[in-house]
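The block underneath contains the structure these notes are about, expressed in C-alpha cells.
Going by the order they are written in, the chains are A, B, C and D; count residues from 1 in each one.
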Amino acid sequence: MDGRTWTVGVTGATGYAGGEVCRLLAGHPRLQLTGVHAASSAGRRLGESQPHLLPYADMVVQASEPEQLAGYDVVVLALPHGASGAIAAGLSDDVLVLDCGADHRLTDPAAWQQFYGSEHAGSWPYGLPELPGQRDVLAGARRIAVPGCYPTSVSLAMAPALAAGLVDPDVVVVAASGTSGAGRAAKADLLGAEVMGAARAYGVGGVHRHTPEMVQNLTAVAGGPVTVSFTPVLVPMSRGILATCSAPLTPGTDADAARAAYEKAYADEPFVHLLPEGQWPTTAAVLGANTVALQVAVDRAAGRLVVVAAVDNLTKGTAGGALQCANIALGLPETTGLPLVGVAP
Amino acid sequence: MDGRTWTVGVTGATGYAGGEVCRLLAGHPRLQLTGVHAASSAGRRLGESQPHLLPYADMVVQASEPEQLAGYDVVVLALPHGASGAIAAGLSDDVLVLDCGADHRLTDPAAWQQFYGSEHAGSWPYGLPELPGQRDVLAGARRIAVPGCYPTSVSLAMAPALAAGLVDPDVVVVAASGTSGAGRAAKADLLGAEVMGAARAYGVGGVHRHTPEMVQNLTAVAGGPVTVSFTPVLVPMSRGILATCSAPLTPGTDADAARAAYEKAYADEPFVHLLPEGQWPTTAAVLGANTVALQVAVDRAAGRLVVVAAVDNLTKGTAGGALQCANIALGLPETTGLPLVGVAP
Amino acid sequence: MDGRTWTVGVTGATGYAGGEVCRLLAGHPRLQLTGVHAASSAGRRLGESQPHLLPYADMVVQASEPEQLAGYDVVVLALPHGASGAIAAGLSDDVLVLDCGADHRLTDPAAWQQFYGSEHAGSWPYGLPELPGQRDVLAGARRIAVPGCYPTSVSLAMAPALAAGLVDPDVVVVAASGTSGAGRAAKADLLGAEVMGAARAYGVGGVHRHTPEMVQNLTAVAGGPVTVSFTPVLVPMSRGILATCSAPLTPGTDADAARAAYEKAYADEPFVHLLPEGQWPTTAAVLGANTVALQVAVDRAAGRLVVVAAVDNLTKGTAGGALQCANIALGLPETTGLPLVGVAP
Amino acid sequence: MDGRTWTVGVTGATGYAGGEVCRLLAGHPRLQLTGVHAASSAGRRLGESQPHLLPYADMVVQASEPEQLAGYDVVVLALPHGASGAIAAGLSDDVLVLDCGADHRLTDPAAWQQFYGSEHAGSWPYGLPELPGQRDVLAGARRIAVPGCYPTSVSLAMAPALAAGLVDPDVVVVAASGTSGAGRAAKADLLGAEVMGAARAYGVGGVHRHTPEMVQNLTAVAGGPVTVSFTPVLVPMSRGILATCSAPLTPGTDADAARAAYEKAYADEPFVHLLPEGQWPTTAAVLGANTVALQVAVDRAAGRLVVVAAVDNLTKGTAGGALQCANIALGLPETTGLPLVGVAP
C-alpha cells in the first residue's frame, strides 16, 4: 500500500460540506480528487460556485447519479438528507462510501421516522473514531456514516463524563453555531442582513434532528438511558460550533476527578485537545482545522459539570471527520492530510 | 407635574452604557440631558467619543466627582463596578440616582464579597419592574439599582415558571451575548479581529458576577432556594443577549400550562412580549428597543421547560431599563420616551 | 393643518425598505401607518416577517394592487424596480405617492433604457431636498421619486465641490455597502455564510444602475457634464454605506477652500453633518438615523479632493429620505419624526 | 540541498503577522519552526496567545534581542515598524532575515522621513516576486523587506496596466480591509463592538504609510512618475483586503487589450489569478491562501480602467509573501508549502 493513492469523487461538491471535502483533499497526499458532482450545476466549472478551490476551478461538475459516480475508489456523498440511500445502493460494495448526510447514522428506525418522517435507509458504521471501540468498527469498512456536526461536538464533550459516571445522564446542551451549518440553499432567513447582528434559537424543545444521534451516542457510552435537552443557536459567523454542555454531578465528583477523566480519555487522541486549566475554547482557534478544543469546570453551587467544546462544523464536524474515517478505513495513518492548525485571527 | 421636565446628568457618558442612556434621553420628552461626565476625557467634546449622539456632540465632558454631579434632578451612574458607592454617598437624597453598575444590586453582603471581593456598598431598590411587587418598591424611590443585562433576561425568562411551580428550581442558562456587554475599555481579547468569527464561553462554572443576582431574583420569585448554572458565551455581534434557559418540568406541566403561565404573567407588560407559537426570539428584532421577546417550549423527552429570551443588553438590559425605572420613580407613565421598535435588519 | 394627521399605506412592507418606512412611521407624530401591503404574504401577520415592528405585529398584510392601496392620504411604494409605474397610475392624483423604487428617478429615457432595459415610466420630482433648489420642487408635490441609497451619499458628498468648482468633473467613487441594500429576496450569494468575512465588488465598470442617477444629480449641480466611475463593494454588515469619493483638484483649491465650501453648503442642513477636522465618518454612527456624516481632505501629492460620506442605506438612503420629503410635501417641519441619533455601538 | 531543512525563528510570534508565519510554517516541509520570540510575553506558552497553533502550543516564548535570535538559519521579524533595524544589525550576514515590518521597504530616505518621522534604516531587496525582475533580486538574498499588505494588492493590481501603457499614471485606490491589519495591540477604536457594523475610512488624503511604497513600486513599473490617491477603509471582517483601483484609459485601450495585458502578465504566476470574465474577486475565496484574485473592467463612459484585487492581508499580504520569498532566496521551488486554497465559506 505504500505510496498508493485512491481516486475520490465528491457529490454535492457545489455545497458547503462538499466544498470542504474538496478543500481538504487538496492537502491530502494519498487521496486524489478526480471528479466533482452535484444534483444541479452539471456542466459548469467548479470555480463558479467554489472560487476558493483554485486547483480544481476548471473541473466540470458532473451529474450525481450512480452511473456517473461509478469508477472511483472512494465516493463522498455530501447531499441533503434522504438523497444518499438510493445512490449508495447503486455503488459497488468495494467502493468506500462516506455519507456526510444523515441517512445512515441512526440505528433505530423509529427514531429516524420520528425526526425525519421518511423510510429508514439503514445504519452504517458510525464515523466518530474517538468514541470507545469505534476505530475497530471503521477499520476496513466500506460504508461509513459521517456524524452530524452538533453530535460530534456534544458526544466528544460528554462521553468521558458519562463513561466515568461523573454525572447523571441528564444532559443539557446549548450550542452556538455558524450559519454554514444550515447549508447553501437560498433562504431568506439566512440572508446576511438577517444573520449579522442576530443570535436566534431554532429547533427548540427537543425537535432538532441531531438530538437522537446525540442520545444514541451518549447512551452507548453511558451504558444506560441518557436524555439530552438540545438547543441550537445561530450566531453571526460562517463556521464553528461552540457547545456548552452540562449535567448534574454525581456524589463525589470534584474538579480534579473531572479533569482526570478527560485527560485520560483524550491523552492519545490526535484531534481532541483538553485545554490547559483556565483557558476556554473559541471557535476561532479551530477554524478550518480537524480539531476539537475542550474545557471542563465544576460548578459546585449549581451542582453541575460544565463542558465546553469548540469545533469547525465543516471540518471536524463534517469533511475532516469524513477523511479521518477514510484514513482509518483504508489503513492509512489516521492523521494523514488533516490540518491541526486553525486559521486565526 | 404635568409638562414638568427633569434635568439629567450622566456619568460614564463616554462608555457604552452611558452613551446608550444619552441616546435614549434624546427621545425622552420629560428628561433632559444637561450634562455629561466621565472619569477620563474631561474637557473634550462628547462627539469625539460618541459620534452617533449628534444633538449632544458639542457638549463638553466634565469630571465625575460628586461636586460636578451636584445640581441635577436625576443622576445616572454608568461606571465600572466599585465606583458608584462613593459618588452616590456624595449626592443629595433628593436626587434620583440610577446606578447602572453592580454596586447596589445584591442584598447579601456575603454574595457581594464572594463575587466582587470588595466591601459591600449596600443595596438599593432593584430596578426590574416586571418582577412581582417591584413597581411598588420603585414608585417614588430616589436610589435605584439598575439590573445587570444577563439577570434582566434570565429573571424575566424564568420567573413565571418558577412562580407557577412549573419547574424544579434548578435552572440552566447559556446566554449568547454581543461584545458591548464587556465595556469599552481597550482589551486585546475583545479586538474586532478576535471577536469576529469567534464564539467563546467565559466565566464558566458559576463564577460570573451576574450569577448571584439571578439567584437572588429567582429565589424571591420561587419562594425558596434556586440554583442557576450560568454560562455566558461571547458571539460576534455588538449588542444583544439571547438567553436559553431551562429547568426540569414538575409533574403535570405541559405545553399549554407553560404557555398559559407566561401569557398571564406578561399580558399587561408593555415591554415583555411572548411571541406567537412557533416564532422564536432573535436579538436582531430588539436592537435598540426596550423590549424583551420570549418563547417557551416543553421538551417532553428531556423533561425540561425551555425558555428563550432576547434583549438588547444596552437598552432593556441597561439604559432603557434605567429610564423605565426613572419614569416609575418620577410618577411618569412607565413607557414614556422608550422605544418599542427594534432597528432591523 | 395644526395637529392634522395623515394616513399612510406602505406596500412592500415585508421587505427591508418597506419595513424601515414602518419603523420610522412608529416614531412620526403626524403620519399614521394604517395599512401594510405586499406582493406576496397577503393574509399573514406583519409580525411574522417583521418581528421588530412590535406595535404593528398584528396588522394583516394586504395585497398590493391599486384598489387595495386606495383611500390613504399617503402611499409609499417600496417595491422592486419596474413595479411602481402601473400601481402609481392607478392612484388618485390627490394622494401623496412616494416611490422608493427606481422607476421615476431618471429624467432621460435613454439612460433608463440603457440601465434597466425596459420602458421608462417617466420622471417625478426628485426627493433629495439638500440639492440646490430641490425643496421648492418638493413643496406640495404629490408624486416623489425617492433617491437611491448610493446616489444619496455620493450626490451629497460631491455636490458642494462641483458647485464651487473645486474639482474637475471626473468623479471616482468606491462605496462599501451593507447587504440589506440588495434586498430581502433569497439569493445564495447573499447568504450569511457567503457574506461574513467577505468584501466583494459588483456591478463594476460603470454598469451599476445607480450610476446614471449620480451623473444626473451631479451634472445638474456642476452645470456641465460630469463622469462618475462608480464601484460598489459589499461588506459584512447589515446596513450602511461608506462612500469614498474623489476628483482632481482644480488649480487653487486647497484644504481651507474645500472645508469652507462644505461648511457653507451644509451649515443649515439638519441632516448633513460635516464632521470636525480630523474625525472621519463611520457607518456605525448613523445606523438608523436620517443623517449623513461627511469629511473632506485634500491630497496634494495625488492632486485630488477626497470626500467620505456615511449614511444608513435604509434610513437617509431610503425610508428616512422618503419621510423627509413627505414632511416637505405636506408642509410639515422637515425634521418631523426623523431620528438624528444613530444606534451605536 | 535535497531534503535539507532550515531552522526558523519568528519574533513577534504572539502577534497576528507572526502567528500567521507560524501557521504557514506548520505546513512547510523544509522550513522548521524551532523558536518563538516576542518583545513581551517571554516565558509564557505560545498556546496562551495563539491557541490555534496547536503543534506549537507548548513552545515557550523567548525574548526578542539579537542574542536570543542567533543560531537560526532563518529569522522572521514580525514587529512594529522601527523595531527591525537594530535587531537586524545584530544578526549574522549568513542568516536569511525576512522583515515583515516597514523598516526596509522604502528606498527613498525622504519618503521614509515624511511618512514615518524617524531615521531611515536603509532598504533591502523588496519581496514582491511578481514585479518585473524581482525574482533575480531575491534569489540568494539574505535580507528581504516583505511588502506591506496594501502595496501587495495594489501593486499587483496596477502593474500590468501601467507597464503596458493602458492607463495614465494617476491611480485612485480605495481598499476595504479587515481589522487584523491594524495589529493586535489593544485599542478602543478596534474593539469588536466598534468594528462590527462599521465601515470607516482612515489615513485619508495621502497620509497612510503604505502610500509611498505603492508609488515606489508603480513608478518603477511605469518607468515614470505615478501618483496614487489611496484611501483605506476598515470593514467588519478579520482578514482580507479588497482593493478597487482605477486610472484613466489611454487612447486606444479597450477591454480586450486590458484583459490581454493581464493574462500575459500573470499567465505563469502561481499565486496571481485573473478570474474568468464576469467573475469578481471576493476576500472570502482567498482567506488563508497565498493567492491574489484579480479582475479588470473598462468603464467606457467614465474613461477608466478598473481593477479589483483580493488578498488575505496576513497570508499573501504578509506571512505567505514572506515565505514565498524565503523559498526563492533559499533555492526552493517558489510554491513550497504555501496554500493555494482559501478557507471558505
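Here is the rule we go by: a residue touches a chain if its C-beta (ideal position, glycine included) is under 8 Å from a C-beta of that chain, and two chains touch if they have at least 3 such contacts.
Given the structure is predicted, the values throughout are model-derived calculations rather than measurements.
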More contacting C-beta pairs: A-C or B-C? The answer is B-C
When each of A-B, B-D or A-D is compared with C-D, the one sharing over half of the residue-numbered contact pairs turns out to be A-B
State, to the nearest whole Å, the distance from the C-alpha centre of subunit B to the C-alpha centre of subunit C. 35
Taking each chain's centre as the mean of its CA atoms, subunit A sits from subunit C at a distance in Å of 45
Would you please write down the residue numbers of subunit C that are in contact with two or more other chains? 16, 178, 180, 184, 191, 193-194, 196-197, 236-239, 282, 284, 287, 345
Can you check the complex and tell me which residues of subunit C touch subunit B? 16, 19, 23, 26-27, 45, 47-48, 50-55, 180, 184, 196-197, 238-239, 273, 275-276, 279, 282, 284-289, 291, 293, 339-345
Touching residues on subunit B, where the partner in the complex is subunit A: 170, 172, 174, 176, 191, 193-194, 196-202, 204-206, 211, 227-231, 233, 235-242, 244, 246, 248, 280-284, 287, 295, 297-304, 306, 308, 310, 345
Of subunit D, residues touching subunit B in the complex: 16, 178-180, 182, 184-188, 190-197, 236-239
